[in-house]
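What follows are several structures.
One chain, subunit A, links the two complexes that follow: it is found with subunit B in the first and with subunit C in the second.
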Partner chain A sequence: MAGFVGRRLLTLIPVLLMVALITFGILHFTPGDPTIAILGIDATIEQREELRAALGLDRGVVEQFLNWAGGLLRLDFGQSLYLRVPVGEAMLRYLEPTALLAVYSLVVALLVGIPAGVISGVRRGGLIDRLVMGMTVAINAVPNFFLGILVIMFFSVQLGLLPTGGYVSPTEDFLGHVRAMILPSAVLGISLTSFARIIRSSVLDVMSAEYVETAYSKGLSRPQVVIKHVLRNAAIPSVTVIGISFGNLLGGAVVTEYVFNLQGIGQLLVESIARRDYPVIQAGVLLSALLFCLVTLLVDVIYAYLDPRVRYGR
Partner chain B sequence: MAVDLTSAGVPEPDTHDLVRPRARLRAGWVGSFRASTRGMIGLGLLALIVLACLVGPVLSAHDPQVVDPVARLAPPSGSHWLGTDQFGRDVLTRMLDGGRASLLVAAAVTTISVVIGAFLGLISAMYAKVDGPVMRFLDALMAFPSVLLAIALMARLGPSIGNVIAALSLVAIPGFARLVRSSALVVKSTPYMELARVLDLRLPTLMVRYLLANSMSPLILAATFGAASVILAEAALSFLGAGLPTSVPTWGSMLNDGQTYLRNAWWLAVAPGAILSLLLLSLNMIGDALRDAFDPRSERI
Partner chain C sequence: MTDAVLTVRELRVRTRGDAPLALVDGVDIDVGLGETVALVGESGSGKTMAARSVLRLLPANVELTAGGLSAVGTDVLAADGPALRGLRGGRVGMIFQDPMANFNPVLPVGRQVTEPVRIRQRMSKRAGDKLAAEVLGHVGIPDPERRCREYPHQFSGGMLQRAMIAMALVNRPSLVIADEPTTALDATLQVKIVKLLRLLQSEINAGILVITHDLGLVAELADRASVMYAGRIMETGRVGELFARPLHPYTRALLDSRPEGRTGADVRAIPGEPATPATRPGGCAFHPRCRLRVERPAADQARCVDEVPVLRLVALPGTTGTTGSTPSSSLAACHFATEMLTVGHLAQPRADHVPPDPDSAPVVTVAGVSKRFVTKSAWSGRRTGVTQAVDDVSFTLGHGESLGLVGESGSGKSTLGRMMVRLIEPDTGGITVHAQDASPVTGQQFRRTVQWVHQDPYGSLNPKMTIRRLITEVLARYRLASGSRAARVTELLGLVGLPPDLAERYPHQLSGGQRQRVAIARALAVEPRVLVLDEPLSALDVSIQAQVITLLRRLRADLGLSYVLISHDLNVVRTICDRVAVMCEGRLVEVGTVDDIYDRPQHPYTKTLLSAMLNVDPEDRAVPASPVTSTARS
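Moving on to the complex of A and B:
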């Protein structure tokens, strides 16, 4: 197992290098002068030269990349051009809403998606199955920002039950925090549950396997068969899909924060577009890709734990 | 010992025969797609939306850009079927006009990313030397959450329709490339590719005619779902203010306006949101029906 994790970690290095190179390339290898892109077309030559020096654009490309990548290793993401503080510091300031939103919606997604997928697979063609399948079709069709607007319209504007947006920290006002986070977590969580469909089809695959028939014929009850034999085997392909939906979680969090006006990292990134605060955007994109790589690694490790064949295979 | 078949008097085999079994199969999937209620409803819905967006703004009595201060935030009525926005502009006309932008971006991005993706996938499958670097690069691109990568590109490139198309194409290419590469690798090892090689067909011909012809069905399927995610991504970018210029009506920017006036004008957000959802629904229905048609075993699981 340790060997597997080690080998998998090694394969991460070239991908991370490439990820850093792409992030760097978005600013440096795209057409047009980056200082004009940031300052606008009316900027004076002096302003542009100043920015060029601040961003290190006056040095050679290789040197720039090495400086920047070296900074990354020391967790130095540069200075925010607008906030005038180190990017890492700005990120930390906006981290709480994003981290909590991610955790809550992941919990919602797993609590809804896994049982929905398993039940509709075990009781195929039943009422719950048809309901769940209909829901996944709707989830794939309705974008989460439109769903967000609809629930605000219903629960906040019509019924006046919950706030229309804004973040409340749990340390200041716990009840207010819960009220503020119910809608965004539910919307983002529900929008991730389309993996229920994949869980359902892997449950169906396992249900028709011979060893499940054997389990039935040796006299096990249905719950016993489902829990002991079906779930464990169906979990293997499901883990991958749940891991992939983590990428959707990161992208979805940006949009959800925007809809519900939560002052998180996503909101910071969107505001940074208008401010042309490039170092912040660069860091945000880089960190999300890094996080995604780590989650993929975690998925592979869980996969190997669940399925010994992966561990010893090549 | 190599035998020259042509000079030995053996008639040159009709190379078209090699593709024919596939053609028969294709007729099969068209038939089973037609038999699918879900697929036909999806196709009908898509056709309706496309037609409405193309013809609607021309037939409409209103101009999507003309401001009417007297009719600000007017609810749906006989003269404004879906009401008006905060500047008194007709929501229905703007919605259909916004659809044009959405459909144009979707068509352009899907075409560009399928063509470039297929090209990268094919050369990776054919030439081992390119395979490693190209695939590592695409793996890294796929590590970025697509909305975030598009945001970063748009922040750098600035708002314009060409830049939206470029940014979303870059996001979409890796998926198509990997898909074509993997089906091309399967096809490459089949006996009839060996035969084609023995017949000494030129390499580019080989690649395009046989590999691509056989990657066709997964590619059509992926393009259908791909078009849906492009439409979703474009709407998200415009919603966040990182998409098309704000002077152009788009569903995303209309939704953004709609959220501002949620309390007094619900139609402002519901109209663009509903047509966006219906368009995504139609593409998903077509995709599901195609999946069943290409792989009859997966039907009704």
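Moving on to the complex of A and C:
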């Protein structure tokens, strides 16, 4: 297993290199000028040229890329053009709310989605099944921002129980952190529970497998069959789907971050694009790619744990 | 009979809903302790449904009723959840057909095998492992301490079937239900599994209900058998009597259509398709296919159509008492069963095949052909294994000759077949195909000359095309019969014995036998000289197998075709082929005429293959069988 993980980590290098090259290329060949974003539309040509030289934007594209790439090797992502702080520092600050939000909503989604999916699969056509299936349709149909605004109106504005938005770091004020994160995690988590459908359909698949019938023929009761034979097999196809949605969350749940004003990485990236803040955009895209690859790797490890056929490379 | 471990009366299984279909229609089964009873019949006859009813393991969309159903002293119909679970895996063990599908892929085999014990009594992990190793060792799995921790995909099919037997017997049940226990296995393994079952049965003295379509297995394993057709029992009796003196036309027809121990000329197919619950005719369900009925006067024929025959004892005039043999215990559901004692063969004799002149010009020359496969790891791209699939094989196929290519699965038969139709290229050596004038043919012409008929016709027929389009497409590709393609399709279908209106149907609307015929018709569309047939019968029922055998023999005579028949079933090969080539681990170990190979095998591997054939007559077993043999012995 260690060798497998090691090899997979090595393959990250070319992937990230490609991502770096492509984002750099796209950014530098799309129109738009960071100096206008920084100095405003009224700045004179001379002012802009001056800033351009100061930021190193007057050098050749190749030279700029080599500079940047060389910095990457030293984990130096450059200086944000707009925020005027090192990019690495900015990223870390904005990553914290995003990562925590992703983890919390994943937990919410798993706590709700797994039991819902399993029960509706096992008792197909029953009351819970129909309820769960109806809910997942409704949840999919309601956009996140709308749900977010609704819960803010109700819990924060009407009842005044929770803050309307903003992020509080757990190291500063843990209770404040919890209060700030309850609504966004619930909204995002609930919107993810549509994977209950996937769990349900894998449970249905597995329930009709012959080895499940064999299990009944050995005298197992239905709960025993589900727990010992169905769950693990049904988890195998679900893990990928859950992993991919988690990977997407890490790249920033932009809409939710905006609605709850969490100052997350998604929000930072969108704003940086408007500001033509090249170093931040590049680092942000690289970071998303890296996190996504790591999640995929984690999914594969979980896969191998669940499925001996993968573990023993059949 | 001793203590009954299974008593089934008037068992009926119907689908739920407004238009219920009767899947099992009034079946009685009795199994005593230490006794083996077989339920035989073609697929779809309701055997599995009947077997599963015993443990109430039925799909949700069917319902079960019975006049009585008791297994090992428990009234199954009245049993509640705990009582049923006490039977399942406790006093009743169940063995299924496909071991790969019946083991949970993510759990170690040992844990699954001991599960029936572990859910009934608390057991430490060490004790569980010890028990697993012990029972796996007992069914002949080598190195059981290690193997019990392995997963199903690390086992071979035969080993897994042994493990499944261990699993069914781990609680020493009084009744074992085995649904097609050998069907998914190679011939050589089938015999080993049968031996194991008999050995274990003598140890724990359980009653066995074995479900099968394989008459060879019945002869080998069972004391009594019931023959099922369309959800009903047609005949039931002691196996020896059933084989020696079938009292029902269907039993007789099944026996006559066996390829076992025959040369082909006397394989007699049952005409038509087996009845399904939806198409079951009124009166005697077998009447559209019955040969005895055809020979009866019109009034009798009408009776077969109108009146359902009941299962009753058939009186045997003359035999009882005079020779001192046991009186018949056979029951048959046929209005005219007594006629079966007097009528001779119920079929027309068939023109026999003349073996080709051994010196005739060859159509195919295979010279020193080898092929190896290299498997690579998906991650690292490193080689993980090299398989020498075919190793320096040479032979010739004469005009009009049929060559059987036999061997266990994995011996390289199919790879060789695929090279003969140029689906893959050999690494070394060459395959030459000759035209009428002995000159080698190439390219497009090669593909026309040698055609391939696949094991699984369903997989090779595009499900989105009608039969007409499937055949027309081939004609168009080779620019054949332009202008008269519709007529040619009809002609081709006629050639394989299918009605013209079938051309408008889709593959999924056909039965397995019909699909195999379509695949043959499509191969014949390009007027080939050679057909390479890869396991053409293995997916088909006995009676349908016999139909296809007959068809292949006729086509060869009519069209002057040569066949290469790839099969692991030596009985089938014997009915069609002139010569047999035996393959083992990629090499050709023996080639000879059918008579040489079957009667005077030289190579030890050939002898092993032959000894693995399940064609032993029931008289060869210790059970006293027909009156003739029992008098001879006494």
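We adopt the following convention: the second predicted complex is superposed on the first by the 248 of 314 C-alpha atoms of A that agree within 3 Å, B and C clash if a C-alpha of one lies under 4 Å from a C-alpha of the other, contacts with A are read in each partner's own complex, and residues count from 1 in each chain.
Methods note: a contact is a pair of C-beta atoms (placed from the backbone, for glycine too) under 8 Å apart; a residue touches a chain by one contact, two chains touch by 3 or more.
On a predicted model such as this, the values are computed, not experimentally measured, just so you know.
Once the two complexes are laid over each other on the shared chain, residue contacts for A:219 go to subunit C alone; subunit B is not touched.
Look at A:211: by the touch rule set out above, it reaches subunit C but stays clear of subunit B.
Of the two partner chains placed by the overlay, only subunit C lies in contact with A:7; subunit B stays clear of it. Comparing subunit B with subunit C, more residues of subunit A are touched by B.
Common to the subunit B-facing and subunit C-facing surfaces of subunit A is no residue whatsoever.
For subunit B in complex with subunit A, the residues that touch the partner chain are 136-137, 139-141, 143-149, 151-158, 228, 232, 235-236, 239-242, 255, 258-259, 262-263, 266, 269, 273, 276-278, 280-281, 284-285, 301. Looking at the complex, you find that subunit C touches subunit A at residues 55, 57, 81, 85-90, 94, 96, 98, 101-107, 115-116, 119-120, 151, 153-154, 167, 377-380. The residues of subunit A lying in touch with subunit B in their complex are 14-15, 18-19, 21-23, 26-27, 30, 32, 34, 37, 137, 140-143, 145-146, 149-150, 152-153, 157, 164, 201, 204, 247-248, 250-252, 254-255, 258-259, 269-270, 272-274, 276, 278, 281-282, 284-285, 288-289, 292-293, 296.
Taken together, the subunit A residues at the contact with subunit C in this complex read 4, 7, 209-211, 213-221, 224, 228-229, 232-233, 236, 306-309, 312-314.
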